[in-house]
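Below you'll find the structure I mean.
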Amino acid sequence: MTAATDAPQIDARRSGRWLYIASVVLLCAWVLVPLYFLFINTLSSPETVNSFPKGFVPEFDFGSLRFFAGFQGMIDALYNSVLVAVLTMIMSILIGAPAGYALSRFDFRGKELFRMLILLTRAFPLPLLALPLAVLFIRVGLDDTVFGLALVHTTLAIPFAVLITFSLFSGIPIELEEAAWTLGCTRLGAFTKVVLPLILPGITASAIFAFVISWNEVFAAAVLTIENRTLPAFLLQSLAESPLHLKFAGGFILVVPALIFIFAVRKYLFAMWGIANR
Amino acid sequence: MAEIQIKNVAKTFGAYQALHDINLTIADQEFMVLLGASGCGKTTLLRIIAGLETATTGEVWIGGRRVDHLAPKDRGIAMVFQNYAVFPHLTVFENIGFGLRMAKMPNAEVTRRVERVASLMHIEQLLKRYSGELSGGQRQRVAVARALAMEPDVILMDEPLSNLDALLRLEMRAELKGVLAESKTTAIYVTHDQVEAMSLADRISVMHQGKIVQAASPIEVYRNPAAHFVASFIGNPPMNFLRAEPAGSGKWKVAGETVDGPVSAATPLQLAIRPEDMRLADDGLKARVKLVEPLGAHLLVTCDVDGTMIRAVLDSDLTVKVGDVLTLAPQPDRVRWFDPQSTLAVA
Amino acid sequence: MNARLLPYVLILPVTVFLCIFFLYPFVLVAQQAFGSDTGWSLDNFRDVVSHWKFSISLWNTLLLAAVVVPVQLALSLLMATMVSKMKRGRDLVLYVWTIPLGISDLAAGIIWLAIFEQSGFLNSMMHGLGFIDAPMNFISYQNMTMVFIAIALAEIWRATAIMLVILVAGIGLIPKEYYEAAEVFGASPWKRFLKITLPLLRPSLQTALVLRVILAFEVFAVVAALGGTLFPVLMGETYSYQFDLSNSGAAAAIALIILAISIASTLVILRALRVPKGATI
């Protein structure tokens, strides 16, 4: 090929490359800039938050956050949120992981039916379950309790827990377990000595995922709790009357753990979904 | 003492019968190779002996003790897996010592045994490493060392060399043979590689479609295959088969020639002869050369004998061209006969 | 333990749990929706549907899904293909792009409120650039288009990540050799995307769309945070029947309607993107 025909091609490739990089940067900004605005508002005094026009640099004033912390019921709501999320995390892993193990290790009659049940839950608007459960919980005395809400959140998180742990267990060759059996381990021994250490980071990731699901859930939380509101439910309930700076500080508190958690599980995010597809 | 007895073992997976009524006795300290193509049931049989699979029917006895209801850990066996199964979260030392720790052996004894087998397998310098830092060959050594450290009555190996490259496989094969002979354990070794089987085994069990077709010493399996399958599976290139028509009183017509054969049969048989057991002679089968493959040490010639393709291994000094007609004489004491109906050997 | 029984023992907790908290509540919801003082009836549905807000909220919900989901599909496909070619900085870019995955719809609504409220950043920016003198009230009865745009943007911002993750995982499953083969046969990058990525990505597209569309019908907190009562949606109506009006029969009826729409669209998606038997990777 001659230089004359080469040049425009290289030009086209170079400009294509710039377009590519520019779009990547643009899309990153699309995600990050709104978060930055929330950040500015949170770290500004209530007066600044309600004033106009706004600066584009945070003034690092903790007035809004202090107001948030001092707002009636807010700290309790935060505490409830953490409690529900932790309960959800524990229950969904304890209940979901054995099923994930069974799916990855055994062929049994009804396996497909069971998988269907799991996948079915994902095709339903689950928060709606809160409606009948609200009635049911009053009957059994679970109404307006952290545990009752955690049960509903566990229902939301369990399909993910099962599918994620299924993919994690499938990643551990069965021969490792078999080797342990031939070397003097019982089934349980092989599981705790060999499988568990290998799978712990992944289990942690799926536990964190369950935490985030519960932490973010609004509808069921709002329907099922009255006195013991979680943070999202509390914010939702007070949306109409609460001042802007309270909303933004609350939103910020909601976002921060999510940011950290997604960072912690980023390695597993894709592996988890890769298997869950099938 | 660890004689292994397999009595009437059968295994079905759903509608598929993987093993048919297997009976086999393996003597104490014997090196038994289960040889067969993939899907013949050899690995299933090994896993039943190990306790990783349950037989549908039948019994497994190890050292005079019935074990088929016992968990793998209670059978006095150790196993080497095809993909090594070296625990990735443990060091080589802890891998080799894993079973010893399970048996609650004192630390000093664990260290002594690990170091002994590590030096036996030449991996002393790797003891602190993790499996991710090892090559395939090194992992293989760890897997064998881990099994040997248990000082088991029986060591079971499932295609342990199949994931290594050719040169390493040759080296490990020789080493395995030495180490196992010294350890005086009974060994069962599964492979699809007939050369591996011939070189390692005291006895070979050739398996086909869930049955043991022949269990005998390597040379016996090679020289006197009990069935058509064994004859065509063992040897590279495999045995040649030619149709033989009865001509009365121990005489047989093969490709127009008359050959001495079994007196007992009166229906057509197959004459079988290994490619290397044929000589050029004045009197014999007329063979038209179709293909000549010089292999260095010898010449592999494919010829047409009365419509049947056969192969002959000839001296590499000979000049043979496609289209030549050779006269090939089977060595009389190496000729074997098979019944095409039953596929079994005929005396 | 008996190896035959073990798998059943292991799945028992999940099965029992889902029966109590998933299957049983759906029976209850149906009972509530169809129940009345006089036995089975469609009264609840009649009440709900005849209310003036119902058709508005149904229309709003469907319109929002119809606008948001296609944009998200295109955007996540674009992002996923961009990521699949990336060598340096892939992990960082992926992390940034998946951040919204962890952010709740309520928080997302609040975040976009910071932009669209009267003293918010959009007004500040326009003021700074000299377009306007006084802040405009974007979120009001007078400006329903803007309310819709704000809600749609917040939804797109928040929930594209879930599709992205599924699609990136799906693209990761497609062997590189197919692309190399196509390139050898002269397919352009666009053709390769059209003829290889899209068809082989069908299972992932199915999952992503089903999940996303169902979530789109559940849209609630984003709307509540941004539009308040300006922009009624089905889930919000459910909430207010249950809460403000204490009419759980009506709430259940809307819940069943949302469920019916979800199931119908799931079936449509599964049907439209079905993979012929044996044509999987």
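Annotations for the structure displayed:
Note that the chains take the letters A, B and C in the order they are written out, and that residue 1 is the start of every chain.
Note that a contact is a pair of C-beta atoms (placed from the backbone, for glycine too) under 8 Å apart; a residue touches a chain by one contact, two chains touch by 3 or more.
What you see is a predicted model; the values in this text were computed from it and never measured.
Because contacts link the chains only in sequence, without closing, their graph is best described as a line. Measuring from the average of all protein CA coordinates, the nearest chain centre is that of A. Of the two chain pairs examined here, A-B and A-C, the one linked by more C-beta pairs in contact is A-C.
With centres defined as mean CA coordinates, subunit C is found 59 Å away from subunit B. Computed from the mean C-alpha positions, the centre of subunit A lies at a distance of 54 Å from the centre of subunit B. Averaged Cα coordinates give subunit A a centre that lies 15 Å from the centre of subunit C. Under the contact definition stated at the top, the residues of subunit C that touch 2 or more other chains are 3.
Under the contact definition stated at the top, not a single residue of subunit A touches 2 or more other chains.
On subunit C, the positions that touch subunit A within their shared complex are 1, 3-4, 6-11, 13-15, 17-18, 21-22, 25-26, 28-29, 31-32, 78-79, 82, 86, 91, 93-107, 110-115, 117-121, 123-124, 127-128, 135, 157, 165-166, 168-170, 172-173, 203-204, 207, 210-211, 214, 217-218, 220-221, 224-225, 228, 235, 238-239, 242-243, 248, 251-252, 255, 258-259, 262-263, 266. Across the interface of their complex, subunit A is touched by residues 50-52, 71-73, 77-79, 81-83, 85, 87-89, 98-99, 102-103, 146, 150, 156 of subunit B.
The touching residues of subunit A, when paired with subunit C in their complex, are 20, 23-24, 27-28, 30-32, 34-35, 37-38, 41, 49-54, 56, 94-96, 98-99, 101-103, 105-106, 108, 111, 114, 117-118, 121-129, 131-136, 151-152, 154-155, 158, 162, 187, 212, 215-219, 222-223, 232, 235-236, 239-240, 244, 247-248, 250-251, 254-255, 258-259, 261-263, 266, 269-274, 276-278. Contacts from subunit A toward subunit B in the complex involve residues 173, 175-176, 178-186, 189, 193-194, 197-198.
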